[in-house]
Amino acid sequence: MALEFEQPIIELEARIRELREYADSKDVDLSDEIALLEQKLEKLQKEIFGGLSRWQRVQLARAPGRPTTLDVVEKVFADFIELHGDRTFADDPAIVAGLARFRGKSVVVVGHQKGKTTKENIHRNFGMPHPEGYRKAMRMMDMADRFGFPFVSLIDTPGAYPGVSAEERGQAWVIAQSIQRMGRLRVPAIAVVLGEGGSGGALAIGVGNRVLIMENAWYSVISPESCAAILWRDAAQAEEAAEALKLTAHDLRELGVVDRVVPEPGGGAHRHPDRALRELEAALAEELEGLEALGPGELLADRYRRFRAMGAVKIEPAG
Amino acid sequence: MALDRLFRRRRTRGGGRDVPELWLKCPSCEAQVYKKDLEANFMVCPQCGHHFRMGVRERVQMLADEDTFSETTGRVHPQDPLRFSDTEPYSERLSRYQQKTGRPDAIYGGTCTIGGVPSLLLAMDYAFAGGSMGSVVGEEIARGAEQAAAEGRALVIVAASGGARMQEAALSLMQMAKTTMALDRLWEKRLPYVSIMSDPTTGGVTASFAALADVILAEPGALIGFAGPRVIKQTIRQDLPEGFQRSEFLLQHGMLDRVTPRSELKAVLAQILGLLHPEGVRNDGA
Amino acid sequence: MALEFEQPIIELEARIRELREYADSKDVDLSDEIALLEQKLEKLQKEIFGGLSRWQRVQLARAPGRPTTLDVVEKVFADFIELHGDRTFADDPAIVAGLARFRGKSVVVVGHQKGKTTKENIHRNFGMPHPEGYRKAMRMMDMADRFGFPFVSLIDTPGAYPGVSAEERGQAWVIAQSIQRMGRLRVPAIAVVLGEGGSGGALAIGVGNRVLIMENAWYSVISPESCAAILWRDAAQAEEAAEALKLTAHDLRELGVVDRVVPEPGGGAHRHPDRALRELEAALAEELEGLEALGPGELLADRYRRFRAMGAVKIEPAG
Amino acid sequence: MALDRLFRRRRTRGGGRDVPELWLKCPSCEAQVYKKDLEANFMVCPQCGHHFRMGVRERVQMLADEDTFSETTGRVHPQDPLRFSDTEPYSERLSRYQQKTGRPDAIYGGTCTIGGVPSLLLAMDYAFAGGSMGSVVGEEIARGAEQAAAEGRALVIVAASGGARMQEAALSLMQMAKTTMALDRLWEKRLPYVSIMSDPTTGGVTASFAALADVILAEPGALIGFAGPRVIKQTIRQDLPEGFQRSEFLLQHGMLDRVTPRSELKAVLAQILGLLHPEGVRNDGA
């Protein structure tokens, strides 16, 4: 299941593991050899991960083993309790929501959820929400506002589900409503792009005072494959489309679309999820603390300023 | 993203865009319609009532009270922040559309009165890159909402768009949040916002400002939705139901307030604005 | 189609009409005879309508020709424009909603709508809303609050639809939400029971600062037929159930459930709809004027006081 | 109105209510269960997990922290404002239920802590006229909400009800508005309200306070809905789908937050209250 460009790292890791096991079982001292290989591993990781193409990052963002919303609520938050349903039509398993504690204080958490197995993926519709998912998210935003709890969203979706049922029940409407609802939160709101940030289905829960992104996540208006299919009329040009879309964490930091890149350990979050989540926890703690000083009106104004500034235009002076 | 539709359409439509044609074939009833007759009838087929797409100037002329319109758009120009290039560099694409339409980007509008109600009227230009929303469209809509709020005007936006503009990638996506949040300036002042969805209104435009109006009107037969029909077909691997994603379907599914033929649009809009913004009419200011 | 107890009135009216036509056609003076019969008619109407049983009122409340919501918006209001849809799932024809003008000022109007023909009745589900109807109503309440317009609701339903589809989509939830939403209106709210006020499906749009009722309308927790079916185990006992439920306008005025009974002309609103609607217009004008002096907070407090006082209990002093 | 269900049930249940039975037959797995075992297991069948109905005292005992409960209900008594009589005068019916339950009406509760969170806990008594809501139930719930708001307590209501009480007619109906509006006292103070739906929760109770909680928990297999199954069957003239109007069905349809077995109910409730009312825990006041 490893990605092609990871192979050298994985092979080297395997050799180190073997050497360790051998040393342990035979009770010989191979610490010098191991240390050498570990240095080599670190160098190799830096080399490979320092030179990742955008398309390779997209693959990392989708890699199995990468922390999902349920991993985050379990390991970054405490006392998580999942709450279900949109009180209108259904419970959507593609979005997970609930209450939790973060550093002792209550927070509301909402995130896209992909499955870890094929069966779970089908159950969770590969993390592609129906309108009900966004209505559940909005209900959670209401709850955050009602109790004055910070709102944390975790983005990891290829996009909102593009199916007949979703269209019939107003996919566009509910995404628009969710953007609006989140923009109106009177509490601190932080959005984190965990893996895939696919279009409006991602943005629907992305209207934070701060928007964070994991180092190997992507976030854009369209997936590279769909973009290639439309602009190049060939989905196989996804690699080129990924380059053109400038959809990586560092690209987005430069464009001002995200505020902070959460570093992933060498090898990527999918290979070292716990370390990645500790980085995320630290970043969340810092950002939340920074927002705590702001009152409801200031938070609203701060969020409007943030998104109002988005875009690249040249404005002629009034004649 | 329903930009895919734009490309498909352009290929299946007969005739180059630059050749002036005197006669048009109605895609609905297949009658040959004299173009001047069509224009005089607000681009509605006199035979069957099919609504053709409409130019933004004609749209504004149709909706604004006579001699009250004053353009506010046109000073915001697109950039190429990503130096995007697919089969053609984005910057060249932009120049081409700018030359063709005479406008910097896919939106046109200004201040006017509508049935006596002071308004800010914006129309998306499908002829410019399929009415796609990039930074300029987002900026003009945000400015429109802010100006309407500052000057006590109603906001009216005529949507005609394949969705967000891919060539500005994440920045286009952010326009969905920017335009949506700007609408709240109107809320603070209790000023109304009416959305008019014309053919097509899809993708990030539907999923942001277009769907969030106090009253949503749509023209008959317009394609309206989030995902484009082709994408949906690929997803479900089945033919789409008859009338799917057309105005009348959306009305039945509770998403629209009314489907209004173009011939009644001005009157209905004026009535709604008069009801939602009664002070505007009383003050009678433009 | 006339009700049994109306027969003598209708016959007398027919005779008067005949006499008039005869006098006109033959050019003879029968004015004394006609005047006499008209006096008799008035006496007869008073007699019959003064002694109506509760069950007879229920029949009047359902009589064809009685003004419906669409008649009210056309004749009592001006410039009505219907708005559709719940922006979630469907447009429910059992509830009509829109903007209109009343005495020159903008108002938001929502009401149940029955059909006047069988075909229309099927289309409108006999005035029994699905959850979508109540969500449309709530959207209109939002609009009234947003613009500061008075909210007028017109109640005329046998009840919310008791079907599988309605249960699946949360009929109970949406009725509760609608009650809550209407209770939170920061604008003057007046509810008028036009015809049938059947249970929670009526109350969902009945949380007014003032609740008015047409003289021959009914309003209760259950229809007489259903009540009889449950308590007497015989739907045919509806007449007795109607008596027991004390569901007429005057009963409810006495119980404090309604604030004002709008008088209907002799013979009932279904036979003289225009005169009935003029009475309604006058009553609405008076009540709205009375509420205009109150600010948003006062309106909320007024509405809470009104409903908080409902019920009959005896409270032991604290020991 | 789902009171119809009450009558049907009572007829099909074996044995008079006043005869103490040592053994009960589980309606789900048909096992013979020793009543004491059942009581020790919070009235959950040890064989199959079927949740029997539960007395209100046992309910309070199960949910309140030990030695923290103090009753607040019991001083509000029903009247017979309509002098209602069907097959039996309402006043006599009331006396009968009062004698049977030892309570003035179908609700019981008071102040306590739950997992350390100061709470006001109310439980509806299905044994009293099918837990139907008349003026007393409405009044106690409104008072409960007001007291919780005044004293900084969370509100927890365990619903068990066939709906509104017909014998108080329009006055019962008005309790739906009264209880709903009283909940807003909690909103003003940012105090949480958790609704627990037990078998059955139908009619005007579901369609008012029970459905409007911040968090809604339901017991497994509980009948929950607006209209009673018999009424629905008559309406659609078809058999009802399997599992229709049961907790698990409602959860799937998005109406509930969780379906929680009785064995976990106290822990889950305490966790939720602790998260929603953190100040309450910190102050540690009861």
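For reference, chains read A, B, C and D in written order, and residue numbers begin at 1 within each chain.
In this section, contacts are C-beta pairs under 8 Å (C-beta built on N, C-alpha and C of every residue); 3 or more make two chains touch, one makes a residue touch a chain.
Keep in mind that what you see is a predicted model, and the values were worked out from it rather than measured.
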Query raised in the report: What's the overlap between the neighbours of subunit A and those of subunit D?
Result: C
Requested in this report: Return the chain pair with more inter-chain C-beta contacts, choosing between B-C and C-D.
Outcome: C-D
Requested in this report: Could you find the chain whose CA centre sits the greatest distance from that of subunit A?
Outcome: C
Query raised in the report: Distance from the CA centroid of subunit B to that of subunit C, rounded to the nearest Å?
Result: 42
Requested in this report: Using mean C-alpha positions as chain centres, tell me how far subunit A is from subunit B in Å, no decimals.
Outcome: 33
Report summary line: Taking each chain's centre as the mean of its CA atoms, subunit A sits from subunit C at a distance in Å of 53
Report task. Please list all residues of subunit A that touch 2 or more other chains. Result -> 87-89, 169-170, 173, 177
Report task. Could you check subunit D for residues that touch two or more other chains and list them? Result -> 211, 253-255
Requested in this report: Please give all chain pairs that are in touch with each other.
Outcome: A-B, A-C, A-D, B-C, C-D
Report summary line: As the complex stands, subunit D meets subunit C at residues 1, 3-4, 7, 74-82, 84-87, 134-136, 138-139, 142, 164-166, 168-178, 180-184, 202-204, 206-212, 224-227, 231-232, 235-236, 238, 240-241, 244-245, 253-255
Query raised in the report: Can you list the residues on subunit B that touch subunit C in the complex?
Result: 187, 190, 192, 211, 214-215, 251-258, 268, 271-272, 274-276, 278
**Report entry** List of subunit A residues in touch with subunit D within their complex
**Finding:** 79, 81-92, 99-101, 105-106, 132, 135-136, 143, 146-148
Query raised in the report: Which of the residues in subunit A end up touching subunit C in this complex?
Result: 87-89, 131, 169-170, 173-174, 177
Query raised in the report: Within the complex, which stretch of subunit A touches subunit B?
Result: 160-164, 166-173, 175-177, 179-180, 183-184, 199-200, 203, 206-207, 219-222, 226-227, 229-233, 241, 244-247, 251-252, 255, 257, 303-304, 307-308, 310-319
